[in-house]
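You will see two complexes here that share subunit A, one where it goes with subunit B and one where it goes with subunit C.
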Partner chain A sequence: MIEKGKISASQMGKMLYLAILPTAILTTPAITFKFAKQDLWISPIWALCGLIVIFVSLRLHRMYPGLNIVQACERIVGRFPGKIIGFIFPLFYLYFNGIIVREYSEFVVGAFLIRTPLIVVSGSIVLVCAIAARGGVEIVGRFSELILPAFITLFLLIVVPIIPDLQVTNMLPIMPEGIRPSIEGAIVLQTWFSEFLTASFLLPFVADQKKSQKSVYISLLAVILTLIVSNLVTLLLLGELTGNYTYPFLTVARYINLADFFTHLESLFMAIWVLGAFVKICVFFYVTVLGAAQWMNLSDYRPIVFPLGLLLILFSMWVAPNFQELTHAIATSVTLAIITLFVIIPGLLFCIAWVKRRLWIKS
Partner chain B sequence: MGTTKRKSVLVLVTLSIHALLLAGCWDRTELNDLAIITAAGLDLTEDHQLELSVKIYLTSPSSSSQQMGGTSGPDKGAAGLSVVRSAVGLNMADAASRLQQLLSRRMFWGQDEVFVFGERLAKEGLAEPMEFLTRHYAPRERANVFVSKGAAKDVLLLNPPIERSVADMLREMSKSQTGLNVKMKELAQMMAGRAKAAVVPLVEIESEQENPTSFPLIRGTAVLKNGKMVGSVNDRATRGIMWLRNEIKEGTLTISPNNTKGYVSIQLLRAHTELIPHIQGDEWSITVRINARDDIVENTTDLDLSNPKHIKKLETELGYDMKQRTDMALAKAQKELNADIFRFADAFYRKYPKKWNENKDRWDDIFPKVKVKLEANPKISRPGLTGKNLFKPNQR
Partner chain C sequence: MLRGKRRPPANDGLQVNNPQPQIGFSENLNETLQLLQAVYADCTDVIFHEFFIGERTKAVLIYIDGLTHIEEVDQHVLAPLQQDFPQEHTLPNIRKKIAVSSIKDVQSVDDVIAEISGGNPVLFMEGENRGLSLGLSKFEKRSIEEPTAESVLRGPREGFIETLRSNTALLRRKVRSPNLKIKSLNLGTYSGTAVAIAYIEGIAAPELVEEVMSRLRRIENDGLLASAYIEEFIEDNPASPFPQVLSTERPDVASAYLLEGHVVIIADGTPSVLIAPVTFFSLLQSPEDYYERYVVGSAIRWLRYLFFAISLLGPSLYVAVLSFHQEMIPTTLLLTVAQSREQVPFPALVEAVLMESMFEALREAGARLPKQIGSAVSIVGALVIGQAAIAAGIVSAPMVMVVAITGIASFMAPRFTVGIAIRLLRFPMMFLAGFLGFLGLILGIIVILNHLLTLRSFGVPYLSPLAPMKSRELKDVLLRVPRWMANTRPHLTGEWNPYRQAPGQRPRPPKGNNGG
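After this line comes the complex of A and B, so read on.
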């Protein structure tokens, strides 16, 4: 096996939590609000894709222990189709990570370092992530274990001081048009929930396999809860304006005012963002590198880390010419692509594997 | 051996370079490179351009000759630490960049807590400047907004004696909650909300221009409809607006009860307003329930206020006074301005979302006809430190 490191089940849970949440907090309230209006805090509950994807990853790993979805794929559908899918997955991870890197740097540049060139911001985060990913899954796992408490503390430091400014009436009436708007708002969120497929790539390295199932589901629950809280806070503060701000949660952080001296806390949000995005990019980058190395049958993935890092920076430039196109893509084509690739294909694979196993047992 | 040594030297060199860069000295911005804006004023010029004036707090008033470009003179007030500069442009961003040309320091909006809009501009419409203020990253969502009677620039030019600058004065005055306290976020919410009507506190200048002790005063309210100022409400009716908007937090009410001479003053401790909408057929009505708790602070009448019977009577009188004030505000808003500044639209939407969606385009026709029923429940809880008036032994 290429990777010799081991992580604990709880580390995997934390990695997944941090690999999904940061960008979801940042951009989803605005997109979800367009469909769900004041029900946007209900939308994260409809995490259907997350459930499917987690179920599929866990069951596939039980059928083919020690193999991730790409490796299992070769066993299920044969070598050649398996190779094709095995190529698509790392490529898509690379593309998707490009979007994440772009989102990260667009936010840093758009809201804080106005004059800094985009490439400097994305280049530096990719360099750091490449070094971390080169260290292996253990390093990334420990980083998420280290960063999670800081992440949650900072998150609470934004959510708690804003409470006096919240207006509960903003969330009323609850579900005036039934549950449909909230489900429509949840469609975009499925992109993020689908990312739980990453669990499939991490499961083979988990030392205490028995706990892994529980850990992944707790991670999903934590993501849903955090999204409910962040969406609710945004809604109760901004009300109708939620959909018009590019980064509603940043506006929440900007609005905090405790006793006239604890103000202008957007730097806290920046800290959350950098910490979260670091783990997120690391995990996705690691999966890309691992998938690519496995596809090429390399004995070690380290030599391709930096070349792929360079490619990642380029991808982050290529994904969209500007921020508007980026958000448009995320709300439309990327959602579709990621649901196809991360939900439908693994789902089909699982069905085939399940049928094959049945037939095999019968014969 | 040789390679490890070379390696460690290389690491050391890299680290030292980092140490130099990470200190951030190479692109530092010192405090005295910034023009810290504490208040901004916006006016409309004669030829329909936007004039942006800013009050700049001088962090180190070393530059003695502040007369630049002849746009406006420096303040000669007691504080002498702030200057006002202004520039004219096609819109906010244009004016801001022109203003930058007049300054040797870079404009810094982060501390700008006050935005004053001139009355002329407010009548023309606030949507345009608000667009910039919400889109640009520097202006704060928590900044206070005001509409000034006359030019906003004149308000900025004041140097009130109590506070460090006019910005602090305006901010503290609106924080005291005796008048409306409207933040930029709230103004944006009101302007973009269902009712499309907004209220902004009106600022007036007390005493003459050149007088060094003249100061700004929040008096009354500007009412905006569809982003344009359509009228103003006086101080007394403003209290009515605040009652209806559930924004009264403190205050003193003075009434003169029937059949007596003199006045009773009570201090407001707590107040809460609830809007309860009803739709019956085609008739839209709303019940306003105001609960308030008060303390007596002064009594110059011949009523003995330690007597519960008188307290009951007083409460009725208080309710009547509150009704008068709210009626004034309602009459102005419903009959004269047709601007739903009390968030009735939101209340109806929350209770009758379907009915609202059917009728939302007709709201301008419905609002003036909404029947408002006031249920004021002022409760007087304590008589203060004395029961009977010490100096009027023969109180009833």
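After this line comes the complex of A and C, so read on.
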């Protein structure tokens, strides 16, 4: 096997949580609000794609222990189609990671370092992620373990001081038009939930397999809960204004005022966000590197880390000409592509594998 | 292969004039004498004392002046031997006449040289091809004192000294069990330094002991003059600024680590012993934590963690906030800061780097100077980092505060080696903060964390038990739990002797109605 490191089930859960949440907190309230209005806090509950994807990756891993979805794919549909899918997955992870790096850089440049060139911001984070990814899954896992407490503390530091300013009336009326708007709002969120497919790439490295199922589901639950809290806080504070901001939760962080002394804590928010984005980019980058190395039958993935890192920077430049087009793409084509690749293809693969296994048992 | 394995041939320093090292001695005393005199040519401190046993048999006593207890030799060796006695003059009979507790037969030239160099006089006599080595070495050594580098308010005040035997005796006095094993070997072709490793059998993992031994045996060096030499040869990652073995002068610290399954390496000639493996958090612990009440110990530990963070990030936070995130400073404070920076010509980054390097220079100058001149440095230092610097308009008052606080914070690291690593990393952090603000700071932290996460000390992850998380062992990291709760031993590598004491030893007032 290329990777010799082992992670614990809880490390995997923490990795997934940090790989999915940070970008979700940042951008989803605005998009969800367009459809769900004051019901935006209900939307994260409709995490259908997350459930499907987790179910599929756990089941596939149980059928083909020690193999991730790309490797299992060769067993299911044969060598040649398997190789094609095995090529698409790392490529798409690279592309998708490029979008995330771009989002991250646009956010940092747009909100904080206005005069810093975009490439400095994206280049520095990719460099740091490449260094961490070179350490292997063990290091990324330990990073998540270390960063998670800091992430949660900083998140609470933003949410708790704001409680006196929340106006509960903002969330009323609840579900005036039934559950339809909240479900419509949840469609964009499915992009994030389907990222749980990454679990399939991490499962083979888990040392205590028995706990892995529980750990992934807890991770999903934690993501949903955190999104509900962040959406709720945003809604209760900003009300109708939520849809007008690009980064509503950042505005929430700006609102904090403790004893008239601690004000403008948005830099704190950036600290959270960079930590989270680091884990996210790092995990996805690791999956890219691992998938590429497996596809090319390399004996080690370390030599291709930095070349792929360079590609990642290029992708982040290339995904969209500007931020507006990027958000537009995320809301339309990217969502579609992700759901196809992360939900429908694995779902189909699972069905084929299941049927094959049934036939095999019968014969 | 780029990294060839060509090694220069080993230089046999101690056997320099010896063509056939395993050669024995002849029964002719004159030949023996010639051989040894050739080996010790031009060594004026080696004494060849010739005399007659019982006025009949010629004999020679060879020793190094200054390493041998001469009065004892006169009283218990020469005096009884020079009187005539009726028995035949053979080595076993001679042996009976000598009133010395430790006598060894030595046969090969190597052994004889090792004994003489170690200070033991060797006796040869006519008609025997062997010699007798007498355990009468004695040399000047420092008395056991309180280690000045690691002082505590409560707790033992004795410290290791430069002599290996006294150090092993200090350990043996603390851990009397025969399970305390002390293995020794000699390292350094010229210095022939005696090195011992101590561990407790049944607690320390055998593979760890084996690993330490094999890493020590690999050392091929002309002279190991201090334990720090060994440290550099056995580290896992020599490029890291962080120490991967702990060095201490305190026998109580060494014994506490022995009881947790670590291995102690003692080198002759240095008062600081090495402890391996070691984790990052054990380097942030002070023996005082365990001698104070546990509440106080835990609180002080947290204070230390806080100031550890400040010592790494203090100046860079200041630089980042001042150059990029001014909005984070409350308006009134911002006005004060701006006012004091009005006259200062430098940007915050330059100011910080200037002052921090000045501080480091002062610290280094103060540490190296003789005590008499030391006060001069502190006077000048107070001028440079102080009111005069502000009055001159070179630096701002808040910057001086930041430098001073960081300085104090960096002195809070209980181990000098960690403190210096952090002080070193402070400079790149300042530059990152000056270039990218908070973002640079966080990226810097991520890189440092990445390094710490990949670092291992003898196979033990450096940041354990925090990452990988071992919740059971956090009791000695996040807190200093009371001793009656610390039932389990930390788990390092290999097999594990999990329990260190009986559970349920919490002291409680006796239950019963003997009260009022």
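As a working rule, the second predicted complex is superposed on the first by the 363 of 363 C-alpha atoms of A that agree within 3 Å, B and C clash if a C-alpha of one lies under 4 Å from a C-alpha of the other, contacts with A are read in each partner's own complex, and residues count from 1 in each chain.
Note that in this section a contact is a pair of C-beta atoms (placed from the backbone, for glycine too) under 8 Å apart; a residue touches a chain by one contact, two chains touch by 3 or more.
The structure displayed is predicted, hence computed values, not measured ones.
Enquirer: After the subunit A overlay, clash or fit between subunit B and subunit C?
Expert: Once both complexes are aligned on subunit A, subunit B and subunit C clash.
Enquirer: Does subunit B (first) or subunit C (second) touch A:Ile125, or do both, or does neither?
Expert: Only subunit C is touched by A:Ile125; subunit B is not.
Enquirer: For A:Thr251 in the superposed arrangement: first (subunit B), second (subunit C), both or neither?
Expert: first
Enquirer: Taking the superposition as given, does A:Pro173 touch the first partner, subunit B, the second, subunit C, both, or neither?
Expert: A:Pro173 contacts subunit B only, not subunit C.
Enquirer: In the superposed arrangement, does A:Phe143 touch subunit B (first), subunit C (second), both or neither?
Expert: Second partner only, subunit C.
Enquirer: Once chain A of both complexes is superposed, is A:His264 in touch with subunit B (first), subunit C (second), both, or neither?
Expert: both
Enquirer: For A:Gln324, using the defined touch cut-off, is the partner it touches subunit B, subunit C, both, or neither? Pick first, second, both or neither.
Expert: neither
Enquirer: Name the chain, either subunit B or subunit C, that contacts more residues of subunit A.
Expert: C
Enquirer: Residues of subunit A that sit at the subunit B interface in one complex and at the subunit C interface in the other, please.
Expert: Shared contact residues on subunit A (touching subunit B in one complex, subunit C in the other): 263-264.
Enquirer: Residue numbers of subunit A touching subunit C in their complex, please.
Expert: By the definition above, subunit A touches subunit C via 8, 10-11, 108, 112-113, 116, 120-121, 124-125, 128, 131-132, 135, 139, 141-143, 145-146, 260-265, 267, 270-271, 274-275, 278.
Enquirer: Touching residues of subunit A toward subunit B in the complex: what are they?
Expert: Per the stated touch rule, the residues are 110-111, 114, 169, 172-173, 176-177, 237-241, 244, 251, 254-255, 257, 263-264.
Enquirer: Flag every residue of subunit C that touches subunit A in the complex, lowest number first.
Expert: Touch residues, subunit C against subunit A: 324-325, 327-328, 330, 436-440, 442-443, 446-447, 449-450, 453-454, 461, 463, 466-469.
Enquirer: Hey, which residues of subunit B end up touching subunit A in the complex?
Expert: Against subunit A, subunit B makes touches at 110, 134, 137, 140-142, 185, 188-189, 192-194, 346, 349-351, 353-354.
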